[in-house]
Each structure stands twice: as structure tokens, then as C-alpha cells.
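Some structures to go through are shown next.
Each of the next two complexes has subunit A plus one other chain: subunit B in the first, subunit C in the second.
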Partner chain A sequence: MLVQHLSPIASSLFSLLAIACLLLSFVMLGSRWLNNYLYAFAAESWIIAVLSAAVGFYGNYPELYLIAILTLLFRGLLLPYLVWRIIRRLDVDREIHLFLQPSTSLIVGALFVMLALSVSFRIAAELHLQLTVATLALTVMLSMKLIGFLILALRHEAVSQILGLLVLENGIFLGSQILVPGMPLLIEMVILFDLLIIVACFGVLVGYLMTHAGTTSSLDLKRLVG
Partner chain B sequence: MYERSKAAPQDNPIAPVDDVGWSALVKGGSFPMSERDILLQIAQVLTTMLLAPLIQGIIVQFEERIQRAQGPGLFQPYRDLWKLFHKQIVVPQTASWLFFAAPVVAFTCMLVVPILIPVLTNFPLPLSDMGDILGGGLILTLGSFMIVLAGLDTSSAYGGIGSSRAVMVAILAEPTLILVFVGITLLAKAMLPFVVNHLLVSSWAVYWSPAHLFLVAAFFILLLVETDRMPIHSSTHIEVYMIDEGRILEYSGPLLALIKWASAMKQFILYTIFCNVLILPWGLSVEGTAIGAAGAAVALIIKFALVACVVVFVETAQSRLRFFRYQEPLAASFLLAILSIVGTQLS
Partner chain C sequence: MVGALILTLAAAPALAVIGCMAARRPRAAEALNLIASAVSFACAMPLPFLINGQQLQFWNDYIMIDRMSAWVVLCTSIVYFLASIYAVGYMRLLNEDKRLCTFYALFAGFGLTTLIGPLMNSVGIYWIAIELTTLVSTFLIAFERVAESMEAAWKYIMVVSAGISLALLGTILFYWGGSFVLGPSYKMTWATLTDAAPQMNPALLKLAFLLVLVGYGTKVGLAPMHSWLPDAHSESPAPVSAMLSGALLNTAMIGIVRFLGVTKAANLGWLPQCTLVAFGIVSLFLGALFIVRQQGIKRLMAYSSIEHMGVVALGFGFGGALGVAGALYHMLNHSLNKSLMFFGAGIMMRAYGTKEIALIHGVGCRFPTEGALWLAGAIAITGAPPFGLFLSEFTIMRAGLKPPFSWAVYVMAILLIVIFIGFMNHFRAMYYQSTQSEESKGDRLSGWCVAPMWLSLIPLLVLGLWWPTHVWDYLASIAQSLNLEPQ
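Take a look at the complex of A and B:
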């Protein structure tokens, strides 16, 4: 396993990048403008691409460079561009009704990070992972998943829900890059295409919602239509 | 001159990570209560007293220049203090003894805190074992608490508004401050600012660790909040949303001068903690010579000018928020402090 023998520079670089990702998902959680979500998501994907390249460099996995480039193109450019097109088509540019104010949701997110930390300490103890980068990767992965769920639960706009789903997926991808970097290339490509399909489906769904329900907010979708 | 070169190689035999007793930090083992150290300690307090208005002037001047105005000049706060000390005191009829006691207590508190922190030297001086970081925080808060009481004392409407707002912000800022202190403690395994300074100077890995960077970010937001530079204020100070100005509207003459001087010193102290303990721990006097202390004072001004640039940039670039979003920067700061504690647990 790569994480068992890392140079100190590599491990601090990995932890810095992972924590930067976590911070960007908090930016998504704390802002209310859809454009800001999108920029934060794009930046997060770029950081994950850098992280894959770094893992490839320090762990001698040449195929990870390819994955880094694919991540950059798909997650960093194509997906944000598609979501940006959806946002441009809509006439909403921010969340209007919020369950929780941004400051409160930041605090809830911070509590989730603490939960993730304690859980990943337990997991690391079970798996006998001595190195802290592994624990950090687990923590960041779990807390990004929890934050993604939080975004899915708290936001009503369809676009924010797509982005919540994408954050959730980014978290898993980040954790897998650090913890199991030798994942076969094919699986990675399948995941990327899956994401593309998800966003395309959401685009179709948003268009459908606009024409039939006149809104993209899940708050207004209360009536069952046969 | 700048003493950075001395600090680097032949450094003091201090290993901040393993258990650093108080005695390990003091040169020669036990406390040498030499006259030089006592003089240095007095110099620390005097530096804080005399340079605090200059820092205020630098920030105001930078702010005006960035808005393409001429600005009042770097030394305007000194002229203001001089003017106020030569005016007579007007006391409201409703004021009690607290009205007179509060400025004096606040000023005295600000004179005590520089004893506890590394202003000029990077080793502890006599009496700096009176309190650790929490003790310093307590005394700083005592100063603002007295001003809050004085604002309520005169029973004027603005004083009440200012005091209640200040307390509300303090309630939100205080847990974050405590968390930042906890983060510092976990990072350096000690609650003494000198130990943190030595640790950061000696190890780049700790300096660039996420835990430390998050602490810097969290403390920077607290710095903005505590020096009354939250993004909810406009650039003029007396306005509807004033917090600190509202509490002292009833004061005049020398008492007002004392309060203004005390708040400038509070700003100086917070900047000192931010620079010398957290972000720029270099450039302090190592040997404790007179020229080293003078160089440290010059270095301090340079560091503060750098931080003031950043503060002014943030204040200018950040658009003004609605008043009732004042909790958002504090929530962000709380979050950063928690992330830093998570970082220290993992390093």
C-alpha cells in the first residue's frame, strides 16, 4: 500500500491538498449563490487532479497521470461547463428559501467533520493504519460525503442537488486516490462517464421540470401527478 | 538590525516538541533576574504604548490611500491623543464611579498583557510567567468588559446599543478564540506563546502544516472582529451599525484619550500575537542586546505594515454585508479552528 511508506514531504503535500478540498466543500456549503457553488466545485476537481498526479509521481503509478488529465478535463472543465449551461438556462441564480442559514450549516458541517474524525480513528485502528495520511484521507472522504448529503438535504434547487451529488462523488474519488491508488484505469473511466451521464440526465430533468412544473425548486413539487 | 540570521543556525538548545518546561526556555536554566531582562520587559511595555497609535495611523493611512484619498498622515493618532489630553472632561449626570474607573482599568489591562507575550525578545522575561495564553486572553477581555459596563452605566441609548452588540459579538467570538487557543496548545504541546514561537521558527514542516495554516486563518478573522473591522461596517465610524464607537460616545477629553489609546494598544497586542506567535515568528531579539531589541521593534513595524496591507485589502475588497450577517465570518472562523484541531489530531 502506498500510504504505508511515504516521504514526509509527500505526506504533508497530500494532507494539504486533501484539506484544501475539504475547505472548498465548506465554501459550497456556506454560500448561497449557484455560481459560487460551481466555481468551488471546479476548483475542488482541479485540486483532486493535482492530487492524483502527485500520488502518481510519488508512488510510481504512470497511469495516474492519465487519470489526472481525465479528471481535469471531465470534472474540472466539462462537468462545470454543463452545469453552467443549465444554470444559464434557468432564471434562478441563488437559493431563496433556506432551511438553515449558511453560518448554521457551516457549524453543522464542522460537527460532521468531528464525527468523521472519530469514525475514521476507529476504522484506522481496526485496519492497523499507522500513518496519519491514511486517517486524514478517511476523514476527508467521510466528511465530504456527509457534506454532500447535507447539501442534498438542505438545498432545494435542482442545480445545487446535482452539485451536492458531485461533491459526494468527489469525496469518494479523493479517498480512493490516496488509499487505493492502484485502482484499474477502466473503473476510473467508467466512473467518469457515469458522472457525465448523471449530469446530462439532470440537464434533461431540469428542462422537463421547467416546462411542466414551471420551477426547479423541490419545495414547489408537493403534488402528486398521475 | 534584523536578527533573523542569528536565530537560524546556532540556535538555542530548545526542543519545543518534547516536554518543554518553563525553565528550558530561560537562558541558563533557572530565572536570571538580571537588570537587563527587567529593562527589556519595561521596553516591551513601552514599545506597546508608544507604537500602538502608529499602527492605527498606518492602517488608516493605507485605507485612505487605497481609496485614492490623501489621508491624514501616519502620525494623526498621536496628534489626536495630544489634543484630547488637553481638553476638559464633560461627565453625564447619570454617570457613576464606573464611568471614571473603566478607562483606567482598560488602559491598565493593556499595559499588563505585553508582559506576557513576545513583543521584542523570543525568550521569557521576568514576570512573563504570570499567565499563559489563556491568562492574556482573560486580561484582554477584562478591558473590553469594563468598557461595556461603562457604556451601560450612563444609560444613554447609544451606549446600550453599542454594549449589547459588543456582547453579542463577543459571545460568538469567544468560543472561537478558545478553540484557537486549544489548537495552538495541541500544536505546540504547551500554552506559552514563546514555545509556539520557537516551534515555528525551528520547523518548516510545522509552519506549513494545515493545522497551523488554519489557525492563522481563524485568528485572522478574529483579528478583524476584535479590532472592530468586520465587513458589516462602513468606512466612517459613527454610523447606525457602530459597535465599539457606540459604547464610548459619552466620553470626552482625557478619558476618551485613554480609551482610544487602550483600543489602539489592544489592536497592537493582537497584531503582536498574530505576527510574533503565529505567522511571522522571525525577527525577534535572541540575545537580548539593546540593538537587538531596537531591531526587533523596527521588524515589528515592518511586519505590522505587511499585516495592515492585508487587512486593508480585505476590508476594501470585501463588499459590505447586511448587519444581521455578522455571525457569518465568526462561523467561518469557528469552522477553521475546528479544522485546525482536526489537523493537529492527525499530525
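Take a look at the complex of A and C:
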């Protein structure tokens, strides 16, 4: 188990990076501009790439360097570029109708982090891993999951929903780097490619939505009920 | 032998995908997909007989076939074959000849992903296979290019991708739990996970199982994660609806069942099966509510799918030989029957030019043969004898009649009766002839559309009258290997 015998410097570096990721997802939650979402997502992916490399360095998993490079290329550059192309094609640059004001959604997000924290404390106590970076990794993983769902629920623009989905995936990826760095390389790589295909599919679908449904806001998608 | 069959099973639709994209002629694409589906069906048919209770691994252990996956692959290949025959007749009615090649390429791709999903030995790769089915089928749902199908496709990909990411989280937590036992790097196959489960931490396993259940449950369409299902099933072309309902849902269900086996090995107590029973009851309840007041014909079938997935979930939740065998038998019957229902619904939708139940009437007079087949299917889908679903539902109920879950059986019985009345009421309205001056027997339907209806109804009737001993033994041995005895 990597997290049990980490040097203090490594463990504080991992914590710093994980918390930075969590903060960036709060940036997405607190803003209503699509460009901010995109920048926050890109920065998040860069941090995850650094984290992969750091885990590879301190935990002696050379294959994680490859994952770090691929994360940087795919999640950090290619995905934001694809989403940026979608944004450019649309005539929308911000969320117009909001269920919750950004300030309120920040508070809800904070409540979610507390929920995640209590769950991961419980799990860490069971596994005798209290006060290790594993607790923090689990907390960040679960809270990014919850924040991603919050973004999906509160935002209506197609692009914000895509980014909400990517936050969900980022949370999982970040947590898995710290908790299970030894996961087979193949699975991680396939998941990376899979994400790329998903976003490409989303891009095509957003185009269809524009042409055939005349809208990209999920508020207007209400023909099918009952 | 088995290896060659599995290879052919997957290679046929894969070649059809390439062929359809290269052919550029709609008739050629049609034929290619049909041949591929027939080959897949021919390969899947002997699989359950050949594997003899052993677990076979191929291709560096990435592919695994056991009795359960052979059974689910058989169900899937039947639906794929029937839907491919039907598609020949149905897709010509849409006048979309230019885009038919794309359609068949996607359709064969959808067949491919649903066929190989259950055969994945690695838990992570299984997740990816399920994700791929989503991506391919989204474009099939969006095929008709109208606002409604775009909306359905968007909701589908959004809800299912978000849901299935929970399953990924659960899978990673399973891997983490295993890494305490097996060391940081190991191959996470179903077998290693089951072997390591007794030593894993129960609290972590419970959390991981609940995440996986909700995640794959979204794909199975268990309520309350079902919200994509009625939209997607009603707005896609009829052969795709049949595939979604008869093939895709089973492919995702097998994942839940395998994880249930893992938690059972870990001795987690009543929680996993109880949660599954709860989801089953909620799905039945919700299906019943929406079936009674339904207005769209294909949405009626979609809610019936939710109901039947609820019944399957109940079967696995009740456990024991009766429950598991009943649930697996129910999968086969439901695959046959729901294909029949969607085939009929597609014909009626095209003939009357509407999806509204209220605007369809006099079906029996206008389409004597097809109407009779569809009506028989409707009687079967509500679980009335002498069809297969009656037998499997009855077996599942018998499985539950023991103390922990007996309440669920009574609720299930009441809800099934409500569904029977609601469903039949809609069919009464559609078969009722209001005026004599209707055009009678005007339409000649293509044989491509009618033949698969016969092909699904006859086995359904046979399976209802006669549950072969070999099939029972086969299913009971799956139950034994899963060991889902109630506590």
C-alpha cells in the first residue's frame, strides 16, 4: 500500500495537489461563464497530470509517467480544445437561467464536501488509514463526484453539462492515482481514450441538437414527458 | 471449438460494420448486417451446450465464458437476429435510403458491443464495453433526426454516462479493497475478486457495491434511475428499441449479478440483496403507475421494460435456485417478447402515422394476422399463461415466499395484476372498431416485418408450455455457482 509509507514531503505534495483540484471544481460551481468552466477544467487536468508524475516518482511506478504525459495531452490539451470548439460554434457564452445563484451553489457544494468527508472518515477508520493522504484522496474523489452531479443538475447549457461529466471523471481519475496507483496500465489508457470518444460524440450531438431541436439548453428539452 | 465460435460471434458483426461503411449501397448493407446477425446467432446457439459447466478463458484471459455469460449472449444474439430481419422491412418504410449504410454500420456495432460485453473477464474492461454500447446506441436513437429523438439521445447519453461513472467509482473502490489482499498490482477479473472478497473490508465493499448497483442500475433502467429509458425506447426506430430493451438491459444486468456474487462471497449480510429487491419493487411500482395512464404506444412498451427489469432484479434479489433460474429464464422470455411488442408497435406506428394510443383503433380488422400476433404478445408480456413469462414470474414469486422477502411477493403480485389490467385496457382501446366505414385490410405488410413476429411468438409459447429439464438444470447450476441463498 503506497499511502502507508510515504515521506511527509510526498504526502503533503499529494494533499496540496488534491486540494487544488477540489478548489478548481468550486471555481466551476461559482461561475456562470462557460469559458471559466473550461479554464478550470483544463487547469484541473494539468494538476492531475502533475499528480500522476509525482505518484510515479515517490511510489516508484514508472508507467505513471506515461499516464501523466497522456493525461496532459488528452485531458489537458485535446479535451479542452474540443470543448472550446463546441463553445465557439454555439452562440452562448454563459448560463442565463440559474436555479441557484452561484453563492448558494457554493454553499451546497461545501455541504457535499462535508458529506464526502464523513463517509471517507468512516471508511478510513475501518481500514486503519486515518490521518493518511488516503482519507483526503477519498474525500476529494467523492466530493468532486457530488459537485459534478450538482453541476449537471443546476446547469442547463449543453457545454456545462459536458464539463460537469468531465469533472465526475476527473474526480475518479485523481482518486485512483493516489489510492490504486498499481491499476493495470491498459485500463487507464482505455479510459482516457474512451473519454475522448465521449467528448467527440457530445460534439456531434450538440451539433444535431442545434440543427434539429433548435436549442442547446436542457430547459427547452421538454417534449418527452409521461 | 468454443474459442473459434466466440471469435466468429464477434468477428461477424465487426466485419459487417466495416462492410456497411465500405458498401455505400443500402441493399448490400442490409444483407451484410442480416448475414452477420445470422452468423452470430448460429455461433451463440451451441455455446451453452458446449461449455459444460467449466469456465473457459481466452486471449490472455481477457475473454471469459461461463454458463451465465453464454446464456446472456444467447439472449442477445436472438434479439439481434430478430431485429436485423425486422430492420430490413422497417427501415425501407422510412425512406432514408441514403443513410441506411450508416444505420446498419451502427446497428452491427451495437450488436457487437452488446454481444461481447458479457464475455469480458476484466471488471474494468467490462465497464468500458458497457460505455461503448452507450456511445454507439446514442447515434441509433438520434437516427430519425427530429427534435424528439435528439432530445431522447441527449438525455440518454447524459443520464447514462453520469450514472455509469458511479459504476467506475465503485469498480475502483473494489480494486482498492482487493489491493489490501492481493498487493498493489493485480489482474482484476471476476474470479480473483470473488476469491479475495472474504478478506476485504466489509464497509468498503458495501459502499463499492452500492455505487456499482446504482451505476449499472442506471443502464438497466431500474427506477428511480430509469428516466432515460422511456424517451430512448420510444424515439428510436423500432428495431433499435427492440435491441435496447431485449439485449442492452440484460448485458448491464449481468454486471450487477456478478458483483452480487462477489458480495455474497464476502458475506455482507442482507444489504446487497435487500437493496436489489427494493429497486425491483420501486421499478415495478413506477412501471405500473405509468403503464396505467400511458398515452404513447412505444412508451407503454418502454415502461413495461422497466417493470420486467424490476422483476428480474427481484428474482436475483430473492436468490436461491428458484430465484436465479427464474430471473435468467425471465431474461430470455422478456427478450423474445419485448422484441415482438416493439415490432408490432413499429408496424402500427407506421400504419397509423402516430404514436398516440388514442388515435390507433381497429387494429384487429385492419391487420388480422399481425394484430393477432401483437395481441398474443400483449397477453404474454403481462405475464398471463400459457406463455413463457408466466412460468418465469411464477418461479420468481415462489423463490420469494420465504420469511425475509415474503412481503415483496405480495406487493409484486398486486402490481402485476394492476399492470395486466392497465396494459389490456390500452389494447382493448386499440383493437376496438368504432365505425364500420374504416378502410379494411388495405395494407400489405412486408414479410420481413411479419416473419420475426412469428419467430418470437412461437418459442415464447413453447417455453411457456414446456420448460425443458436440461434448461432447468443449466440455470440451477448457474444459481449454485452464484450461491445467492437468502440469509
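In this section, the second predicted complex is superposed on the first by the 222 of 226 C-alpha atoms of A that agree within 3 Å, B and C clash if a C-alpha of one lies under 4 Å from a C-alpha of the other, contacts with A are read in each partner's own complex, and residues count from 1 in each chain.
One rule holds in what follows: a residue touches a chain if its C-beta (ideal position, glycine included) is under 8 Å from a C-beta of that chain, and two chains touch if they have at least 3 such contacts.
Predicted model, so just to flag it, every value in this text is computed and none were measured.
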Fit or clash between subunit C and subunit B when superposed on subunit A: fit
Partner chain in contact with A:Arg223 - subunit B first, subunit C second, else both or neither: second
First, second, both or neither for A:Thr132, with subunit B first and subunit C second: first
First (subunit B), second (subunit C), both or neither touched by A:Ser12: first
Angular separation of subunit B and subunit C about subunit A, which is computed from CA centres of the superposed model and rounded to the nearest 10 °: 150
Contacts of A:Ser103 with subunit B and subunit C, given as first, second, both or neither: first
Between subunit B and subunit C, more extensive residue contact with subunit A: C
Touched partner set for A:Val113, first subunit B, second subunit C, both or neither: first
Which of subunit B and subunit C A:His212 touches, first, second, both or neither: second
Subunit B versus subunit C - smallest C-alpha distance in the overlay, whole Å: 19
Subunit A residues within the subunit B interface of the complex: 8, 12, 15-16, 19, 22-23, 26, 30, 102-104, 106-107, 109-110, 113-114, 117, 132, 135-136, 139
In the complex with subunit C, residue positions of subunit A that touch it: 1-2, 119, 122-123, 126-127, 141, 145, 148-149, 152, 158, 161, 164-165, 168-169, 172, 175-176, 179-184, 187, 190-191, 194, 197-198, 201-202, 204-205, 208-209, 212-214, 218, 221, 223-224, 226
Footprint of subunit A on subunit B - complex, ascending: 205, 208-210, 214, 325, 327-328, 330-332, 334-335, 338-339, 342-343, 345-347
Contact set on subunit C toward subunit A in their complex: 122, 124-125, 128, 131-132, 135, 138-139, 142, 145-148, 150-155, 157-158, 161-162, 165-166, 168-169, 172, 175-176, 179-180, 183-188, 201-204, 207, 230-231, 234-235, 290, 293-296, 299
